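In what comes next, chain A is part of two complexes: it sits with chain B in the first one and with chain C in the second one.
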Partner chain A sequence: MKFKFHPALAITLLILGFFVFVPMISAFEYSIRTPAEGGYGWNNYLWAIREEEFLYYILRSLWLSGVTVLITLFVLVPTLTWLHLSNSKVRGLIDGLSLLPLVIPVVAFAVGAQIAFPDFVKDTVLELPFLYFVLALPYAYRALDIGLNAIPLKTITEAARSSGANWLRTITSVIIPVIRGSVMATIALTFALSLGEFTLTVLLHWDTFPTWVTYVAQENILGAIAISMMSLIIPFLILTMVTLFIPERSTQRRK
Partner chain B sequence: MSSKSLTLNSVSKRFGNVTALDNFNLEVGVGELVALLGPSGCGKTTALRVVAGLEHQDKGTVLVADKNISDVPAHKRNMGMVFQAYSLFPNLTVEENVAFGLQMRKVNKTARLKKAHELLDLVGLDSQSKRFTHQLSGGQQQRVALARALAFEPEILLLDEPLSALDAQVRVNLREEIRRLQLSLGTTTLFVTHDQEEAMSISDRVGVMNQGVLEQIDTPDALYNKPASAFVAGFVGTMNRIPAQIADGMVEIFGSKVVALKRGNESGHVLALIRPESISVVANSAAPNAKVLARSFMGASSNIICQTADGTIVQSLMTSASTGDLHPGSSVQLRVLSSEVLVANA
Partner chain C sequence: MTHKVIEEGAPLRGRAFLASFIKSFLPAAPLLLIVGFFFLFPIARLIHVSFLSNENTFTIGNFITATQEPYRTGFVNSIKIGLFSAAIAALPGAIAAYFIETRGSSKLRRTIAVMNGVLANTGGIPLAFMFYAALGIQGQLTKILKFFGWDLYSGTFSLGSFIGLLIVYLYFQLPLMIIVFSPAIVSLRREWSEAARNLGASQLNYWIRIGIPLLFPSFIASSLLLFASGFSAYATANALTVGNLPLTPLQIGGLLDGNVSAAQLNLGKALGVVMILISACAVIPYLAIQRRSARWQK
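Up next is the complex of A and B:
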């Protein structure tokens, strides 16, 4: 097919370019400035990597995001499968409820959590993945919902069960591989949202990579921007690797 | 041979206000192929799903070789099932699909792929084993589904309208293939269909269902020639319903008296149930009693549709050789060829 340059595409690229790429490129340009010597260099990046806490916080944010992804898949895949199969009227209600995190201000959410949660929950950083899960719910829910809508779920599930697969095997060996694209989207959305979450984390008095970056910015703004650039690239690389290492199957669609 | 007998005892199942199965009883012998036939909504699919464990009955029991499996979950029932369509796993190749049941039974990879190839060979698709399912035609997909259902040597094979989504020619070929495989493997099979030709052509026995009840279960011949009720008579094959008067056990149709086969307390004004092949249409008669509306040529035989003076439409099936003089509009005489006819209350 010959590529045609459509005006709509041009407008989209223009807006995207102006609001996404211009700030990013400017930030990058800023992060490689070396005011002391003048000109450009990698000094700020080297400074960031030498910071002791850099590794600590990036790893902490990565594993918290990983846990959030696991919680999301563990809770949502069976729940949505059940909702789709049961054809119950509850589904409309749950659909609506899943949107609530979008309309509840994070501040209200955080204050509520701070007041209501018992100490043993507040004392562990593991409260964050559960709260991140709630924040990512509207996106994760929809990504999986679309995948499950697009497949003959009932028949495939019944075929798996009558072939001898229990529910767990049906979900892990059949449903998840079949809606692989949706699952990947869910992983990417949840992971990215958890990794960048700032407001809730600060309000609950936890330190993660994004909160550490703002702290660093107060003493070394160039270093903080270098760190932010890396925090953009690192998850991007991780997500790309995850996508590459899960083997793509059945790519050719019948024409 | 792992095949076992199947029994359903007084199984009832309701969905809200709808009774899908009402004290339903069925016995399928070892190695037998029984079809459940009926209009949509008659409960035949529900019966099959109860056997598979995909629905749970409200009442009654399901027995396999006299063992009560009513509360055994679907994945432990060891029943192969073929669905209407689109039931193959799109993320797996053809051979992986067929080997899936064995994989769930923890059979090692070499053994299960060997078995998968055996089955694919039986359905004539071994050359397609590495392909993905969306690269196959509808008929091929159902062959793979059949191979998958048989690969783990199920005790019972369940077929849920497996041919209904296929083209006419493919349906005929595949149904014969199903029968050939079923006979050679000796698998006890329950086959649900709304297509009577399909049911009659490959089954040992056919059960006709209506409103959650088994109206009659018999060999295809018996079902056709000795229907137990007016419903079965009307549902299996084509049946003319001709208004007639019954007196002293005889009905008068087209001017001649014929013995009435009563099924109940039919009396007075009744409907005589007569197969098209039991009615002959005579052209150039001195005493015409009907007009020809249409004649459809079907090769060796032709279907003649006539209308009597009182407006009743009558179908006749005759050898094409004897219908040369029958044209739409011509006056003809209808005659009943059989000496006894079924009657039903009008």
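Up next is the complex of A and C:
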């Protein structure tokens, strides 16, 4: 496709860009200040990376997000496949249930989570991936649902099953590759949501990378700004990589 | 596919019914168990506890206190910031979504989609820093505006005030609007505008008779979702305000942390339940409209 200049699009992007980038660049300018020497440098970023907790919290956030993605895929792909194939009466119920987390403000959910769970759940950080799973459920469910709707699922599974594949193999090496666009989108949004989740995490008194910034801010404000910039850039890079892997065809509705 | 046959057969009784019942639920069991335990159970418990007094007897006292000061102002402010931020972001977001989806190249659209995904999720301290750096007292934009003779801080403006918070909320509301409204734009088919033109409609005619009526439900639905997002935002408000602006999510957070004490231990839960009710008033119509318009968005 040839590039064509559209004035309306250009103006839209200019205004949006101004609104988005002015605060971002302003904060970036602060983050590269070096007050001791005057001028600019990467000191604040180096300081942040050298902090002992930096690696600890970033790894913790990454593995918690990874677990959330695994739970999402392990639970949703087989369940949705089954729902699509069986036309079960529970499909309507589960469709509705999957959207319910949108209705509940995260603050209210956090209060409920704090009073409801028994100690053995509350005492392990592993409660977070399950709660993140709930928060991401409306989006993840819909992304996979669209993917499964767009393919001749019944034909594909019957072909795989009659070629001798068991259910596990059918799902892992037939269904997931066929809907890889949706799977990638699901991974991207679940991962991004878990990586940046703040409200639930902080109200349940857990510390992850996004909540760690709060403590740093009390100690070294420029360092905290540097960390904040990284917390914007890291999900952006991860999401860009993931979406680049999505083949164009499967992300778009067939027209 | 065997149970499908069973279901379509004669009505089942007793153990046969139970067997088919289990069979038609069992594959959904992991999902139902997780959602049940990690979502429905906490919400049910929240609702239950909100009706308990300090002595664990039934009371509606928590809800009565929740409608009194300072919690009443908290709700009014939260609803106001949800409404205003949705109203301000909705139209520009919709127009931006239209130009991006109809004029943008595929590469541009995908890049913007990723950026919007990140931006709609920004909040809390990083977002507060960005706006302090731009519009704080020592902010870059503040200095530029001052240079041109507009002193933002000559009056009562601060980023922690209602107006300040409103501006900051737009930073995630606008991308959110573009995300939720874009599918409606994509499903507007070119054939429709061509057909209208062939029948002699002008561009304006097309928009008044076809475009806007088709997009309007999705526009309202998206605005409702924006309201819910602005109404329940916690992290950003927590980072920017210093107790000067009563907002319900912050009040709940304070009660939960024990930073604020109330005579009624379960007041925070009642506030949470009221928040759910208000949020439901926006999100349930949003979902209903989405479902309806999904019929022609295929």
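We take it that the second predicted complex is superposed on the first by the 217 of 255 C-alpha atoms of A that agree within 3 Å, B and C clash if a C-alpha of one lies under 4 Å from a C-alpha of the other, contacts with A are read in each partner's own complex, and residues count from 1 in each chain.
Here, contacts are C-beta pairs under 8 Å (C-beta built on N, C-alpha and C of every residue); 3 or more make two chains touch, one makes a residue touch a chain.
None of the values given here were measured: they were computed from a predicted structure.
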Contacts of A:Q218 with chain B and chain C, given as first, second, both or neither: neither
Which superposed partner A:L97 touches (first chain B, second chain C, both, neither): second
Contacts of A:L239 with chain B and chain C, given as first, second, both or neither: second
First (chain B), second (chain C), both or neither touched by A:P152: first
Which superposed partner A:A165 touches (first chain B, second chain C, both, neither): first
Of chain B and chain C, the chain that contacts the larger number of chain A residues: C
Touched partner set for A:T124, first chain B, second chain C, both or neither: neither
Overlap of chain C and chain B interfaces on chain A (superposed complexes): 253
Residues of chain B that touch chain A when the two form their complex: 52-54, 73-81, 83-92, 100-101, 103-105, 132, 134-135, 145, 148-149, 152, 158
Residue numbers on chain A that touch chain C, as the complex places them: 1, 3, 6, 8-9, 12-13, 15-16, 19-20, 22-27, 29-30, 71, 74-76, 78-79, 82-83, 85-90, 94, 97-117, 127, 130-131, 133-134, 137, 188-189, 192-193, 196, 198-199, 202-203, 210, 213-214, 217, 224-225, 228-229, 231-232, 235-236, 239-240, 243, 248, 251, 253
Contact footprint of chain A on chain C as seen in their complex: 1, 3-4, 7, 24-25, 27-28, 30-32, 34-35, 38-39, 41-46, 49, 92, 95-96, 99-100, 103-106, 110-111, 113-115, 117-119, 121-126, 129-135, 139-141, 170-171, 174, 186, 225, 228, 231-232, 234-235, 248-249, 252-253, 256-257, 268-269, 272-273, 275-276, 279-280, 283-284, 286-287, 298
List of chain A residues in touch with chain B within their complex: 151-152, 155-156, 158-166, 169, 173-174, 177-178, 180, 249-250, 252-254
